[in-house]
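These notes are about the structure you will find just below.
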Amino acid sequence: MSFLKPKTHIEKGDVVILYLSVSSMHAIEAVPEIVNKKGETIPHIFQTNYGSLKVENIIGVEYGSRVELSKGWANVLQPTPELWTQTLPHRTQIIYTPDISMIIHQLEVRPGAVVIESGTGSGSLSHYFLRALKPTGHLHTFDFHEARADQARDEFRRHGIADFVTVYHRDVCNLGFSGELDGKADAVFLDLPSPDLAVPHAFKALKLSGGRFCSFSPCIEQSQRCIQELTKLGFNEIVSLEVLQQENVVKTRTLPVIDLEFLKLPKTEETAAAAEETKTSKEVKKYLTSSNPQTLPGHTGFLTFATLPPNIPKA
Amino acid sequence: MSFLKPKTHIEKGDVVILYLSVSSMHAIEAVPEIVNKKGETIPHIFQTNYGSLKVENIIGVEYGSRVELSKGWANVLQPTPELWTQTLPHRTQIIYTPDISMIIHQLEVRPGAVVIESGTGSGSLSHYFLRALKPTGHLHTFDFHEARADQARDEFRRHGIADFVTVYHRDVCNLGFSGELDGKADAVFLDLPSPDLAVPHAFKALKLSGGRFCSFSPCIEQSQRCIQELTKLGFNEIVSLEVLQQENVVKTRTLPVIDLEFLKLPKTEETAAAAEETKTSKEVKKYLTSSNPQTLPGHTGFLTFATLPPNIPKA
Amino acid sequence: MATEESTPRIQLGDYIVIQRQKYTKLQKFGSLDTTATLGKETLELKSLLDQPYGSTFKMCVKETKPGKRGAQRQHTLELCSETELRSTREVLGISSSGADNRDIRDDGEAQTLKPEDIAQLREEGNDSSKIIEKLVENSKTFHNRTEYSQEKYLLKKEKKYFEFVQIRQPTIRLMLDIFYRQDSEKVMGIRVDTLSQIISYSGVCGFGSYLLYESGTNGILPAAMLNSIGAGTEGTLVHMHPGNVPQKQSLLALKLPLEQQQRCVSVNLYSVLRVFYQGEEAKTIDLPPVEPSEEQAQELLTDTLAEEQPEAIEPITKKPKLEEVKSGREGAKGPPRWHLENKRATALMNAGFDSLVLAPKEHPTSILQALLPLVKPSRPIVVFSTCRELLQETFMELKTSGKVTGLHLTSNWLRTYQILPNRTHPEVNMSGNSGYLLTGYTLR
Amino acid sequence: MATEESTPRIQLGDYIVIQRQKYTKLQKFGSLDTTATLGKETLELKSLLDQPYGSTFKMCVKETKPGKRGAQRQHTLELCSETELRSTREVLGISSSGADNRDIRDDGEAQTLKPEDIAQLREEGNDSSKIIEKLVENSKTFHNRTEYSQEKYLLKKEKKYFEFVQIRQPTIRLMLDIFYRQDSEKVMGIRVDTLSQIISYSGVCGFGSYLLYESGTNGILPAAMLNSIGAGTEGTLVHMHPGNVPQKQSLLALKLPLEQQQRCVSVNLYSVLRVFYQGEEAKTIDLPPVEPSEEQAQELLTDTLAEEQPEAIEPITKKPKLEEVKSGREGAKGPPRWHLENKRATALMNAGFDSLVLAPKEHPTSILQALLPLVKPSRPIVVFSTCRELLQETFMELKTSGKVTGLHLTSNWLRTYQILPNRTHPEVNMSGNSGYLLTGYTLR
């Protein structure tokens, strides 16, 4: 239930982020017992690189606290969509915070907004939509994969945000978003292999007063076809962009400063000794600097945004 | 004649870079007199933002010297392809140093190489090819625009590098590079609106022992078609890439450091005065930093490279 | 589920976004006499009143006045239909185009129409499509150009002679675009990707209490946060600033409901910290709540209206009972508004915040020292700066302190694309600086 | 104009590039018994002798030896024709593919072929295409996958079982790719775009005299510069380094003509500066020409051969007469080679250089102070570092000195693209650091 609003203490059933290090964190469910593969109820023990955690012990603990592991410690954090995106079980490729932030901003999602999303995928983006539109808006999210839709529905319930979302198992490219949603949406988001097929449905689903549209596509050809379709239907402000976030890894670098002046002096025994000394007691200079990691995300997808202007007749 | 090799003094007829500032430099010809529009021979006076230069005065001066202008001064530099690219008369869109460097590297151009280039354009890239392949290689450069071919030919002569280049006025997409060049080239470079049409000609022109190929295209569709054609003809190691250079503008930034601790003390007259003082003698911290200019080149072109393996029959 | 809404209508007092092709401008529609200036065109706005937002208007030349830089044309605006907006290309029905530009010699004499002729055409009230048609007719080279080159030419001309404007309701997205394009300094260099990430990483939403310190972004930061807090929710924002008056233009332009506006408490950093540290007594001494700052002096807005309607945005006490008890001894006239605001802010400060966002022009260390203790554990913090070296230092300080975990120093590349048939490529210019974000989570 | 050249042939002593699909490796073909290791495959190289460069060979399993990490297979190589290299996809003739992946449940049991079965197939000497065919036959999900997904699967499998290698002649381009991919530290983090720009900005070509100081790039920097200087030209390179012996692997691998090799003079920085400052006398005292450096200790090459054939690369005096005169009093045995090199270098230092390239692991200031005066006026200088702060400082120092103009501090983004029908996008991973270049031109 830990996704509804900021809270101070871990309650039973919360998803909790067990933060070990920048590169190691886990989302765990704060339940004292779990059912194993044999169907037996056993104590919930979570294994990490720093040893095991008896999950029962963290219930009632304040978020932000340090908890002891059998071979070290970790911090327990309340999950945010950002932390969830880094720890969630991948059922599909997911979209990450930099792209998502741009999507939320460009779709102008705020409390009260009605948003349509397809596909639901692993629910990474859905959690951001829900944070942005609750408690007065609603998310309609569609996936053509039945198991994924079911998993997402279950997850939203366990995360305490089910009131603000309806999950549909439906092939929107062929069947559209259902007539009930015609003219209801402030924003439509598509992450589909053939977004162009769903554009006419998005057109229908957006409010008569207009709305915003976004399609996320890994390949440029998908964006090209999507834009052709958008143009045909009268969308404007069509913009395609990419956001690439770089980590700046902060570190202190130590550089030797070499002395070449002493070479101008004849190498008598004294100067030789002095030179030796210069070499051994080499001066160094320290720099606080940062650089990108050796490998960066080079591409996630092209984001295509568009506006449906108000009062376009929808035949 | 100043492009053949490093030289120390300005001779009559040299192209000279008049360097005023990072954002202001000019390529001028070191001739004492020029012919004006009326056909009269007049002294060569060059106008700059810092006043005029009597060009006759710089003949015989050492490169790297400071020369006086009527309202200031400038430095005279021997032209390099890098400086020339920044000052040359644009007859077409040109390619700049970061892309060119990658082209030279990937085409493995070194002294002795036989290189084919199309189109010649403003000759920006040609000067780099010529630097890299002279004095033992040869550049064959083609342009379908007769005036441009003539201008380039004249320029190479005046720059002292005509011995290493042949300029052709020819539509290579339709007519190819001429049978005489079949199997003669180590590398072929294309900057054409339809590079795919010239790929079969490049194939023929490359040596039987193989060679390297590059096409520069602003639009991705050109690269797509070019790659299809390359694949069909048996080229391999096909790679497409972009190089974007960023300037890091170095500057010192001064930041105020504010004191908030004094707010914890009751505001008696003394502390008020002390606080005043704190405010006026505000501490500052200086940072030597650098940042990109507000606007950067976001795209120049896609570079597509490929290898023609040895011994591919050319039927 | 929401029912079909009617489109809101343009009212006097509204901030409006005027759009002419890709150019957009934020303008206050203060009175019926208000005019807006777009380059050499002056627009009389009165006919906008009560028209729906999103409408397109035709600029109709009323008179031409001599101006400093050539003639300034005064226009009235006439509401027009969507169908009037056809592609100029279609109108002209251009078909013949050369295969490439090998036969074109640019001798500067391709256009036989003289500038005087063109001015004449404009004053006669010709449509842009008519003017462009004439230009094409009188161009010696147009029909020899490639299709690509023709299109470029037409777009350039259309931009110059385009006679339609659209009126839109300001949103965070539209305003940030305007400010950043006009002068990124107006928003302290916070680019769209960066603002979007500040909103994400701070976790600001309809629940919780948020703390912001910023040195002046024309109100875009508090506006974006309050926008994310939403109407009819329980979220609150304490907005600390270094000056006499907060920069609030963007907040005013959003035209938020009063109850929402009231959940943004804007206070001077020094003043509120003094009250927070020393309690009520402190106030009797320091009357003006200010430590003057540079930001005040260099007011960046040309048409700034931050102080024009303070009534609408100045928060009114939300819990009157508590306020009355606390400020009982203040005298009949009641305490000054800033004083009440300080009190509301200190109450929220004592309760603790659900995240902290800093966008200071000053060195962040001392500000972090003062504000970080006000943030609850397991809550996000976000520090923005355009100076990487500064945040590297802050990164190290926070890391050493052990008070914040999950520290990341990030920046972004934002690349826009031209996607057109056979002419797809990244835009040839891109913005060079996203600024830097330092993010992390507080620990207990 | 060059006439048709015959393709060069593989000789004993050559460095060769072994390529297996996208994987490349630099290897010395030292003797007929030399073997090369590619992961779990060991290749006997003897059949390469006298075959033309560019040829493709088939790996034929000879025996399987138990190794530390599973079986190590020993292969002989058989020259094969181009036609043997058909696309696996074509061979298999896959046609039916699902429209999307909605029906696929990944339960880890899609492949019914056991690892033992696959090992058996390999040892039986089956072609990769045969093995992949079997894998496809025994996959329960393959035919339900999308074409895209099928292709990905095939590529992955083909990569694993691909049985052909191509032998290529080392070039700067191929070697830099290998070093940078293996460990960018091997070339001090100099990425391909950065190296290409060092060559451009330094202006190195067939004419002139060039000065390089580098702290160890496996010879890629001096090799790239000498490569640009060319065979049969008059250009010269003085290559200063901080260690006992220069890292020269790349230079050796290029197999340049002797006359060209001799135009690269490699000297120790300290030793040559002492001679330069103090003249001939200095040498009698400091016998080992070295100031030991870390670079020596942490020799990065696994199969380093920098010292293996020093005869081939150690420069021989080019102007014997001058050398004889100068080194006349050196005794019958003649002066040590390093001593002659120092003398040749100091002669070039006295004449002045046509550009300066620095790629130091040390702080560049003192090195610039020592070497900048050796550069003629109006000549380019290029300083490389992976530390931006360092070059910011150097930028300011040079700017203040007034000795260098046209200063620029630059870095690069390098983005590679996947261009395939309907699947075109930038590669999902990119290299994060180009390093920084500080460039400018000397003044008189």
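For reference, chains read A, B, C and D in written order, and residue numbers begin at 1 within each chain.
Rule of thumb we're sticking to: a residue touches a chain if its C-beta (ideal position, glycine included) is under 8 Å from a C-beta of that chain, and two chains touch if they have at least 3 such contacts.
Chains and their UniProt names: A, B = tRNA (adenine(58)-N(1))-methyltransferase catalytic subunit TRMT61A; C, D = tRNA (adenine(58)-N(1))-methyltransferase non-catalytic subunit TRM6.
Owing to the predicted nature of the structure, the values given are computational and were not obtained by experimental measurement.
Q: Counting C-beta pairs in contact, which comes out ahead: A-D or B-D?
A: If we tally the C-beta pairs in contact for B-D and A-D, the bigger total goes to B-D.
Q: Find the geometric centre of each of chain B and chain D from their Cα atoms only, then give the gap between the two centres in Å, rounded to an integer.
A: Centre separation, chain B to chain D: 26 Å.
Q: Go ahead and note the Å separation of the Cα centroids belonging to chain C and chain D.
A: Chain centroid spacing, chain C to chain D, equals 50 Å.
Q: Quick check: how many Å separate the C-alpha centres of chain A and chain B?
A: 41
Q: At which residue positions does chain C touch at least two other chains?
A: In chain C, residues 388-389, 413, 415-416, 424 touch at least two other chains, as defined above.
Q: Two-or-more-chain contact residues of chain B, please, as numbers and ranges.
A: As it turns out, chain B has residues touching two or more other chains at 220, 242, 246, 288-289, 302.
Q: Any two chains that touch count here, so list every such pair.
A: Pairs satisfying the touch definition: A-C, A-D, B-C, B-D.
Q: Going by the contact rule at the top, pick out the chain A residues touching chain D in the complex.
A: 144-145, 147, 193, 218-221, 242, 246, 253, 255-261, 263-264, 266-267, 272, 279, 285, 287-289, 291-302
Q: Looking at the complex, which residues from chain D come into contact with chain A?
A: Within the complex, chain D contacts chain A at residues 100, 102, 105, 184, 242, 269-270, 273-274, 277-278, 281-282, 285-286, 291, 361-363, 365-367, 369-370, 386-390, 415-416, 422-433.
Q: In their complex, what parts of chain A are in touch with chain C?
A: Spelled out, the residues of chain A in touch with chain C are 4-6, 8, 19, 22, 62-66, 75-78, 80-83, 97-98, 100-102, 104-106, 108, 110-112, 114, 128, 131-132, 134-136, 138, 183-184, 207-210, 220, 223-224, 227-228, 239-250, 288-290, 302, 304, 309-312.
Q: Show me the residue ranges of chain D that touch chain B in the complex, using the header's touch definition.
A: It comes out as residues 1-2, 4-7, 52-54, 82, 171-173, 192-193, 195-197, 199-201, 203, 205-208, 227-233, 354, 376-380, 388-389, 392-393, 395-396, 405-417, 419, 421, 424, 436, 441-444.
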